[in-house]
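Worksheet: the structure to be examined is printed underneath.
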Amino acid sequence: MSGLVWIFVSAMFVSNFTLAMFLGLCAFLGVSGKIATALRMGAADTFVLVLTSLAVWFLNKFVLAEAPYLRVIAFIVVIAGLVQIVEMIIKKASPTLFRELGIYLPLITTNCAVLGLAMIQTNKGYTLGEGVAFALGGGAGLTLALVLMASIREEVELADVPEFARGVGLVFIIAGSLSLAFMGFAGLFSAA
Amino acid sequence: MSNDPASAATQAMPAAPAAADVPAWKLLAILGGGGAVAGMIIVSAYQWSKPTIDENKRVRLDAAVREVLKGPERCDSLWLVGDALTPTLPAGADAATTDRVFIGFRKDGTRAGFAIVAADFGFADEVKLIFGFDAEAGKVLGFKVLGSKETPGLGDGIEKNEAFVKEFDGVATPIAGVKKGSSRGAPDHEVDTITGATISSKTVIRIINGAVEKWQPKLRAYRGEGAR
Amino acid sequence: MSATARDDLIRGVWRENPVLVTTLGLCPTLAVTNTVANCVAMGLATFFVLVASCYLVALVAKWIPGEIRITAFVLIIATFVTVADMAIEALAPDVHKALGAFIALIVVNCIILGRQEAFASKNPVLNSVADAAGAGIGFMVTMLMMGTVREVIGNGTLLGHRVLPASYEPWVVMMLPPGGFLTLGTILLLIKWKKVRKPAVADAPAPAAAASGAVSGGSAA
Amino acid sequence: MSEQTRLRVSASPHLAGPVDTPTVMWSVVASLVPVLCAAVWFFGPSALLVVAGATAGAVLTEAAFKKATAVRDGSAAITGVLLGLCLPAGMPCWMAFVGGAFGIGAGKLLFGGLGQNIFNPALLGRAFLQAAFPLAITTWPKTGLPWSSLRGDNLAFPFTSPQVIDGTTAATPLGVMKFEGGVGLPSVMDMLFGRTGGSLGETCDAMILLGGAYLVLRGLMNWRPPVAIFLTVAVFSGILHAIDGALYQGPLPMLFSGGLTLGAVYMATDPVTSPITPKGSWIFGIGIGVLVVLIRVWGGLPEGVMYAILFMNAFTPFINRATQPRVLGAATKGATS
Amino acid sequence: MSFLATFRHGVHPPEHKELTSALTTRRMPFPAEVVLPVRQHAGKPAKVVVKKGDHVERGDIVAVADGFVSAPVHASVTGEVSSIEWWPHPDGSSAPAVRIAVSPHSAQIARERTVPDWRGLEPAQIVQAVQDAGVVGLGGAAFPTHVKLAPPKGTKVDTILLNGCECEPYLTTDHRVMVEQADRVIHGLRIMMRCTGAPRAVIGIEMNKPDAIEAIRRVLPKDLNVEVLPLRVKYPQGAEKMLVESVLGLEVPSGKLPISVGALVQNVASAATIAEVFETGLPLIERIVTVTGLGIRKPANLIVPVGTLLRDLLAACGGMTDDAREIVFGGPMMGQAQGNLDVPVTKGTTGVVVLSDAEVAREHVHPCIRCGKCLDACPVFLNPSLLGRYAQRDRWEDMESHHLNDCMLCGACSYVCPSNIPLSQMFGAAKTMLRRTKAADAALAANATATVKS
């Protein structure tokens, strides 16, 4: 149990997907302008991450054990398929939610967080439970970073930012500062 | 300038399959054919690279074993089957999932010691190391980090700080980590931790102590080649 | 090489640099740039996958129906990535260890899919290859820039060779995740700063404007 | 008409308010003087050197990119002095300078200067130094040196490594808690009055509390975050102590060891980077308190105050949005029927 | 003191009431000229009914009310209409005004009027009489009093709140009215209670006027449910919503009037004026003005004919000191600074405060450091800091969604702001901007429908 908690906390804080592992940065830049959008994207991401984790565990266990060299291809195809299926289900089940998430869902296919999760989970040999904990933690970490960045950017919109600093450059400096702040979590729950 | 991946993605969004002019069987055939070609390329690349990769891995492990056993004449693997160690992997057991240690022999045929791979969480991520161990005397012969992501310039001293690494040569178990100069009165059990990287230092000690606790009875019970 | 192909090549290197201008392919640019050696390996691998897959896409694009275009592209990329992955593991195991999962992540590097979508699927083979090579070189240039800054300041070395005196105190932060963000942020800020300053200098019509600026500055002080 | 021309026509209100921003800033600097004196008392000339280095870094950076008037409001000086006070005595001056310059440059000027920043510039500078020079910033000087001696290689040539003065470094109370299992922890009185190892300004809690009390009584400081932090840390560590007194330190050593008082009184109350709403201030303080105990007890580092505050700084815009005051007469939830 | 009733938040500016609080009101000598703007009240301006050269006597009508939410203007002196022209108005603009040259030999005695007994009048008749007398709120806002006495259909006045707070620093007008005309205040209240049918009334007075509390308590009627409630001294206690909160413990819903919680707020001086109207038949032609401040030589509480020019008023008080810096009509918190000494006193002029150089607001603006003092000051619980930053970016819609319309421009936020940011001024401007955009949008929409129809 404590192992699962550690994996979750580690993916969320210690090795935050976005701020320490640099996964999902395109989305981080693109949809961190407004808090509401950031939250939705985070939720959608987390959902796909968990599904992917389950699928990857299944693939590793039953399909890829004999052919580890097909991992990359198998994972990317499965992820693309999963996103398509999720999209169709949401479209059927809740058209409103679909409209809100519409453009984010296909974006997730090319979100390296998802493939990154698949690869790391495989490399570390996580069990089913550990994989889900990892996916949840990673998703929560992504969402946290997204929401923090979005709220900061909404605030910075009201600041007298010098002309040359308006744009992506400052976002990276803020991300660097956030990353510095997250360094405080290093070694959390793992030290003797 | 496309700072908006959302719009890029909408453009890149695959068209719904239902609206196909091309019949579905043709799409599947193309994809299937492409997949087959891709598979063939990958498999042949795999066939070409596998021996080299395996060889690389073996050479690296072998070098590490020799290093921590301080240059034995030859080394062997010992597999843990049930609760006992055996030099040969029994038929049907999977080499990848069976626990093993290495044993080294000196020129005169006596045991140089055992080499054990162990891992645990350190400051940043998992620390994986191999250490040489004299099971009879209960002494560590030396250790080498196989993989870690400890802080560069600080925690990575467990790999790079020679003084620290050297201290493990011949230290008695269980090891105690102490601050430099503050001996607790059992010098042959003590290792000075790296200033500012106490946690990383203690991680190494914890891993070794843990592995010793797990393996020592089994190693002592091993009556194979070179036993007195 | 034809003139258009040369344009396609040069364009991607700086003017439409995939990382600095269009901010694509950020994961590797930040994740693996803490040493120059990593950058070279990652840059070469990406270059290989980019050029090879764009070449292939340009060749076969007209036979691929629109419905499965993306899937087919991803399939092509994934194949090359897998090959590159195994080649690196066989030829340079240490680099493979350092790059970790990020080699596989070349698959989702938006630069590659972007070039295929935007260019290779619609242009002749030669131009496509030139365009991909340009983007690949642009990517590598950025990687090397990042890697050089981070390794020299963060470790005092370049490609493992000591370039700063032994008494230099390395700035460890540059090797850590925050260092990646801060370095890229600084580079982007400097580029923007030059861009903002340049027209101001060029357009300054008369000394009068500067003088009035100075006066208003003085009065505000 | 002469009477008419000397009249001023301004918008209401026409009365000068009780206090202005430069007064606030310089009062904070003044309240830091006793803390600084204590630092000099305990750490000799090194204290002055390090604080001067950090202040120079902060003020010169501010002056280089902003008009000189911006320096006069005293905010850069506060950043510099506070940064200096949370560094160890043996830190080379050039590192302190780099910290000050980074804090002001990346933490403040890029956002447009005073009042616009997200992170506390002093702490951002400190976090940068911690990540850049982890060894130098955790090297605590030996105790018992003659007053006039330097406590480390303060004067190391810029960009060179400091010469390590051989022998042991002093243990900080937090280091003792973390790595020695609390064996040999100094008494609470020693912690309160600064007779322990640690950063320049964090050891003498009495002086910090004095300065804070002065500012609160003059109405120049938001008292909510420090109170929330102290209460949270006391309660949280008290509960842990009650569960296992041998494993977890009690509230008093938790409160008075390390940088908790300095951080709570002078960093968490930075108005720019902490929530503006009263409710938000409480959330902010509680968040810091929880994180401090979390990092100190289960984290990899002995001290977590800096990171806790920086993390909550990042949360501040979100907290502000979530805790807007309920406008008078606006419908409350549930009361709309 | 904390047991005293009050509202939440608010500020404590220095009061300086001691300058005039003990000075008995005296009549100012009649000036040589008065100027009567047609706009002296909130609502539609009055329509002039005299012409140049007309002879008018004190109390004669010079401009009639234009509709229900409007009030007539009466001659405050006996004299001759010298011209009708645009004249500087205390609000900073200019407005049509009737200039009357005072007859130098007139005794300035109004002619006798017959006064109906208010006890025999219907509420509607009382309302009409009050409007005819041109009575407006004397607390500063100058909202026509009769409008409030006729609450809209479906609402009921449970409590009349008589506002004797006078929370603005310096001013002592209401204070003197309560001390010197306690009977009239109660009499006016009696008329209002009858007119509105209110069963209960509370007179709220800040604790810094113990003699006023004492004076009113002495004349409290036994037959009515009326009480005096001493209130804590805090600005803006005199604002309607704050008074309702302090006295009744109720919040006036955002965007609504106090009547929505059954409260009717009237100024004590307005009550006294109503009483006077039914005693003498004279309309509102003069009022008490506190001329005070560290910048005036002889502070005084003066009975001043409406329309008296500022120049004459200052002269009557010994003139300004050498360090006088700013002249304010009304209190220093919400009053309007005057740059022209020829502006007239209007019905809403509660006082003239001449501020000295040392006490005027600082002009150098520093960046907002988000100290939060404005949040602690704002009596309606806005976030002025955030609103201010939106204002700097011209984000009016965001300001509106953060409840800008609840702002009553009391100035508490600007007063406490250590960075001297003119918050309240910015909010006033933003409100104007929003009103204009709305009006333009409405016009555009109307145009569009018109085009469609045609």
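We call the chains A, B, C, D and E, going by the order they appear; numbering starts again at 1 in every chain.
Just so it is clear, a residue touches a chain if its C-beta (ideal position, glycine included) is under 8 Å from a C-beta of that chain, and two chains touch if they have at least 3 such contacts.
This one's a predicted model, so the numbers in the text were calculated from it and none came from an experiment.
Asker: Given the touch definition stated above, what is the smallest step count connecting chain A to chain E?
Answerer: 1
Asker: Tell me, which chains sit next to both chain C and chain E?
Answerer: For chain C paired with chain E, the chains in contact with each are A, D, in label order.
Asker: Considering only mean CA positions as chain centres, point out the chain farthest from chain B.
Answerer: Result for the farthest chain: E.
Asker: Identify the chain whose mean C-alpha position lies nearest to the mean of all protein C-alpha atoms shown.
Answerer: D
Asker: With centres defined by CA atoms only, which chain is the most remote from chain A?
Answerer: Result for max centroid distance from chain A is chain E.
Asker: Hey, which pair has more contacts between C-betas, D-E or B-C?
Answerer: Answer by contact count: D-E.
Asker: Between chain C and chain D, what is the gap in Å from one C-alpha centre to the other?
Answerer: 39
Asker: Express in whole angstrom the distance between the two chain centres, defined as the mean CA positions of chain B and chain D.
Answerer: Chain B and chain D have C-alpha centres separated by 42 Å.
Asker: Could you tell me the distance, in whole angstrom, between the mean C-alpha positions of chain A and chain C?
Answerer: 22
Asker: Hey, how far is the Cα centre of chain A from the one of chain B, in Å?
Answerer: So the centroids are 28 Å from each other.
Asker: Please set out, as single numbers or ranges, the residues of chain D touching at least two other chains.
Answerer: 106, 110, 113, 116, 128, 131, 134, 300, 320
Asker: Two-or-more-chain contact residues of chain A, please, as numbers and ranges.
Answerer: Expected reply: 26, 29, 69-70, 73, 109-110, 160, 165, 168, 170, 173, 176-177, 180, 183, 186-187, 190-191.
Asker: Which residues does chain E have that touch at least 2 chains other than itself?
Answerer: In chain E, 367 touch at least two other chains.
Asker: Touching pairs of chains, all of them, please.
Answerer: Inter-chain contacts occur between A-B, A-C, A-D, A-E, B-C, B-D, C-D, D-E.
Asker: Using the touch definition from the top, list the residues of chain D that touch chain E in their complex.
Answerer: Contact set of chain D toward chain E: 3-4, 6-24, 73, 75, 113-116, 222, 271-272, 276-278, 281, 320, 324-331.
Asker: How about chain D: which of its residues touch chain B in the complex?
Answerer: So the residues of chain D touching chain B come out as 134-135, 138-139, 167-169, 171, 175, 178-179, 300.
Asker: In the complex of these two chains, what residues of chain C are touching chain D?
Answerer: Chain C residues touching chain D: 165, 167-169, 171-174, 176, 178-179, 182, 189, 217, 220-221.
Asker: Within the complex, which stretch of chain A touches chain E?
Answerer: Residue list for chain A touching chain E: 157-158, 160.
Asker: Under the stated contact criterion, what part of chain E meets chain A in this complex?
Answerer: 367, 389-390, 392-393
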